[in-house]
Each structure stands twice: as structure tokens, then as C-alpha cells.
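Okay, got some structures for you below.
Shared chain: chain A. Partners: chain B in the first complex, chain C in the second.
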Partner chain A sequence: MNKLKIMVLDDEPIVCKRLKPALEKQGYEVDTFTQSSDAMEQIKNVNYDIIITDLKMKGVDGMQLLTEAKQLSPKTEVIVITGFATMETAKESFHKGVFDFIAKPFKLSEIQEVVSRAEAKIRGE
Partner chain B sequence: MWSRIKKSIKRLFPRKREKIAFQQVFEQFQTLLQNQQEAMELIADLGEKSGGDYIFDRKYLVDSISELQDLLLRMVKGLNLISSERYYELYSTLDRVFSPIEMELRGRLALSNAPYVISLTEMPLDTPELTGGKANALGEIIHKLGIPAPSGFVITNRAYNRFVEYNDLEERIHSWLELWMLGKETLEKSSGQIRYSILAGIVPQDISRQIRDNTKTDNEFWAIRSSAYGEDGDLSFAGLHESVLNAPATQIPDAYKQVLASLYSPEALTYRRQMGMIGEEAAMAVLCQEMIDSRASGVIQTLSLESSQPNCLAIYAAFGLGRTVVEGRDSSDRYIVDRAYPHKIVFKRIAKKESFVRAASRGGEEEAILPEDIQSKSSISESAVNSLAKWAMALERYFKRPQEIEWAIDSADHIWILQCRKLAISPEQAETDGNIREQFSTYPILIENRGVVAHAGVGSGRVYIVNNHGDMSVFPEGSVLVTKYTAPWLAQIVPIATAIIAEKGSVAGHLATIAREFRVPALLGIDNATEVLQNGMEITLDTHHRTVYSGKVDELINFERVQSMVFEESPEFRLLRRLLKRIASLHLIDPYASDFTPGNCVSVHDMIRFIHEKSVQELMEIPGSLTHFKGAKVWTLESDVPLDLRILDLGGGIDPELSGNKVKIEQVRSLPLRALWEGVSYPDSWSTRPVEIDFKGLMSSLTRNWDAAGGGAVNAGFNLAVVNELYMNLHLRLGYHFNLIDATMYEQAQRNHIYFRFVGGVTDLTRRSRRAQVLSQILSNYHFNVLIKGDLVVARLLDLPKEEIKSRLHVIGALIGFSRQLDIQLKSDQDVDQFVEQFLNRYANLTKSLPGGGKDEQIKDYGLGR
Partner chain C sequence: MRILFAGDEHPYSEYALKETIKLAMNTWADVTLLGVGQATNPAEDAPVGRALRGYRDTFLNSWSREDSPYILGEGKYEWVPVKNGVVEEMKVLTGRKKDFKVRLRSGAPAREILSESQEDGSDLIVLGCAKGEKCEWANSLPAPQQVVDDADCSVLLVKEQQPVTRIVACLDQGYISQESLEMINQMITIHNARLDLIGLSQNGDMEKSVYTRLIEIGDYYSDRQVEINTRLMDISGFEQLIAQEIKQDLLALWLGKKSLLSRFFSRGWVGRFVSKCPTTVLVMR
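Let's look at the complex of A and B:
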């Protein structure tokens, strides 16, 4: 079985640094970005199965990235991570096309569980 | 920032002490308790986040702190409201406590207020920005692990900035670097010019004076080493910077400059350029350690880099100072030792050592020839090899990565750790190919997706089940601690455990805190752990999947080992730990000590403790001043017990159908009062052997006292209970002593408490103190936290479920009758034990209702009651 490719985008480096090994250990291939413009470029070149993105970032925000990613590859599943306070707004404005939402701070096991569900959907299980 | 708030508060609550109705005070107190609980939960959350199971960012920290500050402000207001502004000082305390916390969050605290020079024993931890990586690591070794390291001090990064500024070096350094970067000047020329400028600089007096202050010891010679930020962390500057060994104290400033200059050596500059750091502001802290008169010294690598020796560590040793070993290992003794306890020596090679390096008598080092008869002798004993291996593995466990450690043995055969850093592993050695998940899917899983993570990580070893104190003394270092309990006494073996699995416990509990302190991966709440896991089984715990594997999962351990980041070392976690130190630590312990004042509040926890204690005191004392109850309806309790009790109902405490002014206990709806009265009414409670002083006489004399103190609308001469359905505040005057009980019985355990205060009496202080002893021993037996001062007894219980509170109120009820004449009967110290025993025997049935087992977790009280 091929490894799924995951992109992680968050302007707080700690989020990327901690998610990468945790997801790799689960058997995924993981690229991380702290600059949303870099991530925007990258999705034009690489087809990611799953994108995990923060919502509020300088420059291109999570919403724009989601739109672009879905346009390029409708099969890509997007998981949005956002601050607890902005969760409701996030859910409202994103009701289409987002696989799931996770509020910060979150446990590693929470995101691993969401990613496993996204994987099951992608693999058509 | 408070001045505006202060003014508006002054307007709202003028300083004049006014009587506020008890109802209002009580409501304010409830709000205060609620705020306090939220604040403590917030602190517990922050503590939990420091365990690594969560991903959080800086914003989370900023938001939590601002919420905490808001709650504290409300608590300060609340206390001032119920005390008629007696604690106005707390507003400035709040300001003082939170201002460094805000500065930490802004990120510049470390340098702006820091000293130029600080001793290793006093230096703050988690501040490598100030003290550099090497010194920070040594600080942790000394403070947390208790492994011997030479004493000394750090010349901080702030001193570096001061030195550069004092000598006008910034511009000069910058322009020489620029010329080199632009290719207009050679590396050697730029480096040489910068180093020359530094060596020609003057160490400012304020720095040199502080250096002198730190060198007033008998040991005249010092080792001066670089401690650059990042040096021993992710980046490895190993060997790039200079060390000066065996320098006399008077030459420290010169040696300091020499070490600073090495920050701009051609090698260091090339390295920083490769790492893309040349544009960043460089700074260097310098570590000064007392010179160890080394008989032998060397290096340990906690992971042997030779692939033929998996699971081994390597020790290199030679006579004299360490330079021989550091610079070339061919002529050193080499020991290959099992990483696992008891650290068997797998292989040893004793080299022929013709010369050695020693400290020259006037400072510096010199090479000398070894006498022929010891050239082929081993430089260290096997027991030293064993101790070194043990400490080395403790260091690796703590720092979470294979370590390279420099050590020395002095002429008295004491072993010292000189420095330790991350061992550089080449990419080939670190390679983990293929699908890591598939690789360890072959290991049988013993526990999966269960429990709560107290501290995150991977730990492997043999199971050792600890059931009692006795098991602890034989706990093999590096084993997995498996236990039914989370008792505080386990704390002493946590540092030597490689992982912890407990059947009970919560992430806010004591064991979790200790596991975090020593960075030991810990999974709690696995209810059958001691059945699934047997003594001696080799297992691997991975908290990230809350999984326990059978066997040693090398693939997983290697995977963890080569990850770029140890979460404990990341800036966010360091910041959180620094914040927690200012928030969660508790310094105000004894509410009756003279230092229990707002001025002595150091942390947020101290403030919460202070406010809590004072608000309870205020609440408890208010019913004594009857003007608060002007016009209130007071019920008289009809009972066979000779205790004249009046009840003031705040609402819901008495059957609403009832008219008149008399009430039977069956008509009382207040749960705490009913529980207490059950205890009061136990047969025997009021019929101890007759005492010589007439009970009624005492009652009448107390009536007079009460009358004099009171004098409000309510008739004096009785005991008063202020109640609602879930609350009771009881003031008793029995005999000449004064007893106060305040209790709540909510559904939520965290809202519950019992406070018990007992003071006074007719006899001399000695007898009254004996009575305090009796009460204290009895109450401790029922898990109260008890404090005695002379004849004053204060006992507390917090956070217990309703049913537990109920059984404790039974005890207190029984104790009221039992204690009323106790001081008269306690004629000698021997009587104390006898009376304690008498009570415990008589009310043996009350003990039965108490929970067994997890006592320590039950009595968790956020530290408020201790």
C-alpha cells in the first residue's frame, strides 16, 4: 500500500515540528510549511492526499489554501486546525469541503484519529 | 495599569468598613470559590500541557494567562468586598506577580533584567538564552538529577552584550563580517581582526567585580568554557569554541575574552555560515567551573557508535586531565558497557599510556611522562565504570538523546560530571527506512488506547511492580515503574525509572507533576496494569499511541532518538515551564505564620492560597458579629442533645412549609447540618464519664461572653448555624472553647470543603495544647490536613465527593461532644494517646465508611490545604 502524502501548514513552527514525527510514525509521508505562500506554491507541484492547515496566518490564509487545493485536486481532504475561540466561525464559513476541524490546543491522539478517518475515506474503506 | 481600576474600585467600595448583609457576603464568597476553582483548573491545564501530550502554540499561552489574570482580579475584588476592603494591598500584589509573567510572554525578560554573572546553584533553569546551552544543561544536572558537577558560575549573554557595547565592538564586528561575506576580505583576515579587537577590549568593572564576588573560594584554579546558545542543543558547535583550563582566579577576565574571541574563530564562522546563522546576532555565555584535580578523566558516549556493539555505551578514560581523551582516543582505555542495568562490561581495552596531561602549578596545563609501572594499568576502577554508566544513562533518559559526557575523578576518588551534550550521530547511523509503522506492528500489544498521558515519550525496560516502600529500595535503575497507586512516596524512584505505568492517578495529580519534572514518560489510569504486566517482563511504552508493547521495540526507540526535536527543549515548552514556575509554585504554606501576607506572595498560586484562606476566615467570622443579621429570622433547634442551637436559613436550609420558630432535625434540609447532627447525636457522644466542672455553669458563663460580643437584634446566648441546602457555617461556644465548622456538600467534589477550627478553654495552655494534640491525631486519622498552633487547631479537607464529606461530618459531630471537656481531663501527656484511642475505638464504625486504597489521589487538594 502506498504511503499517503500529508501537508502540514501552520505559522507556529512548534505545530509542524511536533506533527511531523507523530504522523510519520503512523506511516505517512509528511511535508511541513510555516509560510503559507510556500505551501501555496507546493500544492501546484505535489498532489497531497491530506492537507492539515491552520486558519489564521499572515499572507495567504487557510481559506484561500483550501479553495486552491480543492480546485487543483478535489480528492484532497483538508483538516482545519484553529484556535478554540474561532472554532464556531470556522465551522460556519467552512461547512463545505472541509473533512474535519480541530481546536487548538489539541492532543496528538485527536489529530491522529481524524487523519485515520480521512485515510479510510480516501482508501474507500 | 491598575491605577484606573483602583480608582473606580475606590469609588464603588469606599474604604470605610461597612457591614454587609451575610446573604450578600455569602453569595460573593460562592463566586469567589467559583473563580478560584476556575483559576486552579486553568493552572492544572497549563501544567498538563507541559507534559507534551498536547500541541499548543504561543497564542494559547497568551490567552490562558490573560484569563488567569482576569480571574485573579475578580478574586481580589471579591475578597475586598467581603472584607470591607481590608486587603487593598492585593491590587499591587497582583501587579507585581503578573508583570514578570507578561514580560516572559513578550519574550525579553531573560536579558533585560538578568545579572551579568550568576552562580550555578542560583541560576534560573530553562533560560539557555541567558546562560547558554552548556550551562543550562549543567544547571539541570545539578538541580534536577543531583549528579555531582563542579561548582561555578556563568558569565551571561547579557555580560557579552555589555562587553561589546562598552568596547564599541558591534560596528567593527559587523563590518568585518560583511567584508568577508561579500568576498572582499579573507576569512582569516576578518576572523583575526575581530578576535584581536575582542582580546584588546576591556572587561567592564561591573562584570569583573561580579566575577570576583563569585571566586572567593579556596579553589584558586578555574576551567573556563564556552556556553553559546544553541551550542549543545540542535546545533553542534562541539570543539569549535575555546576552553581555558586551570586558570588562576585573577586571570578569569583574560580567559573570558579568549573564550569570547573563539566565537569568531575561522572554524566557528564557517560553521555558522553553513548553518545560515551568520546574519543573526551572536552572543556567548561563558561557564566558569572550579578545576577538579583530576587523577583520571575522559568521555562517555551513551550509545557506542560502532555498529558491532548495539545496546552498549562507550567509556574512554586516561590519567590526568581530559585533553588526552578529547583530542585522540587511541591512547585511552576503552570500556564497552551494556546500556541496561546492571551495566555489565562487555569489552575492555587497556591502552599503554606513556604520558598524561596535568594541571601546572602556576596555572595552565602541562604534559608529563607516566611512570613505567603504571603505563599499562587501567586508569579507572570497574566500580567507577559502573557509576559512570549509571549516571550516563540517567543523563540520556533526562535529555532524551544519546549524550557525550566529559567526566573526571579526583584524587579522593570522587566522580564529577564536567559537561554533557547531545551526541552527534551521523545520518547513516540514524537512518530509519521503510514504513516505521509496519516495522513495529510485529510486536505484541499489551495495552492499547487506554489511560491518560501524564508525560509524553517512549520508554523501554523491564517491569518492576512497586507495592510498598520496601520495593523502592531495590528498584532497579532504568526499569519501568508499574504501580497500583500514585502515592507521593513514589517520587524518589521516578528519576531512575525509564517509564511509569500506574493503575490510578490523574494528569493533575502528584505523580504526574513529578513525572514531568524528571521527564519520565508516564501513562496513568490503566486499571489492570499490575495484572497485565508482570515483574521482569521487557516492555516498551509509547504514550503517543497510549500503547504498551511486549519486548524492546528498537525501531521505535531509534525513530524517537533521531527526531530533530526533543519537545521538552522547544522554546514553547521552556516558556511554559518558566511561566509555570511563576504561576503554579507554592511558597505560602502556613496561614498562621507571620510571613503569610500579600507582600510574600511570589506566584499566582500563592495569591490564590492567600485569598482563599482570608475569604474563608472572613466568612467564618462574620456570624460572630451579629449586626450582619439584623432582622433575620432565626430558628431554634429542638433536640435532646444539650446544645442550644439556633439556625439562620439563607434559603433552602429549612422545610419551607414550617411555621413558628422551632424546628426539629427532620425538618432541617441543610445536608451538612443534618450530617453533622447525626454525629452529634450518636449515643455516647454526650455521656463520657462525668466531669467535675458543671456543664450548665459553663454554658451560662459563655452566654455572658457571647452577649457582650454580640448585642444585635438577635438574642444572644446560643450557638449559631448559618445554612442553606448545601452549606453550613457553624459557630459553637461550648465551655470556654470556641469551635467553628464551615462545610459544603455539592454534587461536584471540587466545590466541597470542610474547615474546622477549635481554640480556647478553661484550663492552662499545657492542657489545652494536649487537647489540640488529641484533636489533631483524630482528625489526621480521617485524612484531614491539620495544623496546630498552641491550643489552636485548624483542620481542612477539600475536593471530596458529597458522601465522603458526609462521613467526615459524622466524625466532627461525634468529636464536638467528645471534646467539650477534654482539656480538663488531659492531666498528662500520656493521656493523649489514650483519648485518641478511646475515640477511634468508640467510633470504629466511622472508620469503616472511609475509602481504602487510593487515598492520596482522593485527598488531592490543589495544594490549598497543605
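Let's look at the complex of A and C:
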């Protein structure tokens, strides 16, 4: 079975540092970004199966990335993680087709479980 | 985020429920409402059982149907463990987007709340307590303080219903967890509050690691356009700060092994300050 490709975007390096090994251990191929502009360029060139993105970032924010990602590849599942959650951003995220919305702090197991569900959806299980 | 609300049938638990709802509305967290009965076999008509049903209705009715992440979907059959080695097929209604559970446990309240939080992997426990300097639950006096002292995760202790316009976070150690910073972020967002960050020193001296951390945290929030005011104060004035300055504020305390507060004050200082504080307290880990 082919490995799913995951992008992790968070301007806090510690979040990327935590998520990358945890997801790789689950068998995924993971690219991490701390600059949203770099991530935005990357999604134009690489087709990710799953994107995990923070919302509040300098420059391009997570909502813009979510919109662009779904336009470029509607099958990409996007998971939003945010430290500054509001009902409006949660509703907007789901309106834009997010797979799940997770407020920080979270446990690695929570993200792993959501990613597993996203994988099951992608593989049509 | 996983939130565990722990309540009994008394008014302070209703205030804590309101805070839980506010948190859940913003974070769309997985939520468990927990009640603890002291009887060995809590009956459905026990006061705490009735209170939980009311809390469940209040919680679920706080959203319009189309906006709620907790609306129950179609039931599906699942195998559910019922006792050692035995599972039973039950029709289970699951939340549409986020988990929502209502649980009743029996036993000593603090112990049961702590067990539930460990088993559920909670990120935050929310509970209320009586106003005044006692910080108690009506049916189990020391429960709130025991939970604050012994929880693995952060605890939000709600004292009464009142607006929060400022978060007062007291930094007394160089190490603080990423989770605690994130918890403060959510509190700032939910209350639209500003942040006062107080670095605690002793006899005018502050450990280099604490000072460095203070600067880093200041930069962290400034980068995120959070209104932050940073200042230093001597630890000897800490109790006075709590008693006199904390009004419409949320007091946030970090608990850690290298805490200056732990070294300066005798064992049980957290409970003491939580009791003295007239408003809601967030104890972070």
C-alpha cells in the first residue's frame, strides 16, 4: 500500500518537531513547514493527501491555505489545529470542507487518531 | 482538546458548566460531563444524577442545531465492554463532529475525578467551588483542592460567574510546557482578555532562566498581537497581589518542580492561594 503524504504547517517549530516523528512512526511521509508562504508554494507542486495546518500565522493564514488546498486538490483532507480557536473559525473551517478542527493543546494520540480517520476516508474504508 | 467538567448539584457547578460551554463553543473540544456520587451504586434519581441530566440539556441546548459539533448522529451497533472479558453489542449514538459524554462515577469525588481525567486523557479539568476562602465542595469539602494539587493536566477552578478582562499569569520558573502556553492562548481568545505576565523574583534576584523565559513569552504574545504587559514583583508580595489586585481577572499559575513559589511557601501553597483568590484560577501543568 502506498504511503500517504502529509504536510504539517505551524509557525511554532516545536509543533512540527512533535508531529513529524509521531506521524512518521504511523507510516506516513511527512513534510513540515514553519513559513506559510513556503507551504503555499509547495502545495502547487506537490499533491498532499493530508494537510495539518495552524490557523493564526504571519502572512498567509491557515484559512487561506485551506481554501487554496481544497481548490487545487478537493480530495486532500485538511486538519486545522489552532491555539486561538473561536466558534467563527471552527464554523468557517467546516464550511470550507475541513476534515477536523482541533484546538490546542492536544495530545499526539488525538492527532494520530484523526489522521487515521482521514486515511480511512481517503482509502475508502 | 479534551475537557472534563466535574460537577455536583450545587450552584458553583452551574457556573463551572457555563465556563465549560464557553470553552467548548470556541474550541469544539471533546467534552465529558462527570458527576460523582458518594453512594457505592449511584442511583439515577440521586441529586447528582438529576443535576447531570440538567447539565447535559443545558450544554446541548447552547448551540443551534446546525452549529453544534455535538449533535448526536444515527445510532450504530458497537461492541461495548461490560465486565471482565465480556462485551455486549449496544446501539451507540455518537457525536457528529466531536465527542460528548455524560458519566456518573461513585466513590470519593477527588479520586474519581482524577481517575476519569487520566483514563480519558483530559487536557483540562473544569470544576467549580464555593466562594470565599474555603474552596470547597458542599458534599466533599477538600475535593477541589485535591484535584488542583494532584491532577496531571491543567485545572480551571471556577469560583463564580463574572467577566474576565485580564489574565494574570505568574511566572516563577524557567520551564513551562507548550501545552500551558496554548491553554493561556485559548483563555485570552475566549475572554478577549489582555495578559499581565508577572515574573516573580526573590529579594530582588531572578533566576536567569526565568528572566529569559519571561522575555521569550513576551515576544511570543507580541508576535501574535496579544496585548501583554510584563512586570516583575517580589514573591513576598504575592499573597497581597492575590488578595488586593485580582478582581475581574483569571489568575494563572504554573505548577512545576522548579517553581519558586514551591520553594518559598510551604507544602500546599497552591491550595492556599487558590482559596485566597476571589476569582477563577487556572492551574497549569
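General remarks:
In this text, the second predicted complex is superposed on the first by the 116 of 125 C-alpha atoms of A that agree within 3 Å, B and C clash if a C-alpha of one lies under 4 Å from a C-alpha of the other, contacts with A are read in each partner's own complex, and residues count from 1 in each chain.
Here is the rule we use: a residue touches a chain if its C-beta (ideal position, glycine included) is under 8 Å from a C-beta of that chain, and two chains touch if they have at least 3 such contacts.
All figures in this text were calculated on a predicted structure; none of them were measured in a lab.
Contacts of A:I14 after superposition: both chain B and chain C are touched. When the shared chain is aligned, chain C comes close enough to touch A:A90, but chain B does not. Shared-chain residue A:R117: touches no atom of chain B or chain C.
When the two complexes are overlaid on their common chain A, residue A:K70 makes contact with neither chain B nor chain C. Once the two complexes are laid over each other on the shared chain, residue contacts for A:E24 go to chain B alone; chain C is not touched.
In the superposed model, A:F106 makes contact with both chain B and chain C.
By the touch criterion stated above, A:K5 is placed in contact with neither chain B nor chain C. Chain A uses residues 12, 14-15, 83, 85, 104-107, 109 to touch chain B in one structure and chain C in the other. If you check the complex, the residues on chain A that touch chain B are 3, 10, 12, 14-15, 17-19, 21-22, 24-27, 83, 85, 104-109, 111-112.
Residue ranges of chain A in contact with chain C, taken from their complex: 12, 14-15, 56, 58, 83-87, 90-91, 94, 100-107, 109-110.
By the touch rule above, chain B contacts chain A in their complex via residues 49, 53-60, 63, 435-438, 453, 456, 544-546, 556, 559-560, 563-565, 567, 570-572.
Chain C makes touch with chain A in their complex at residues 1-2, 25-29, 67, 69, 97, 121, 123, 178-183, 185-186, 188-189, 223-224.
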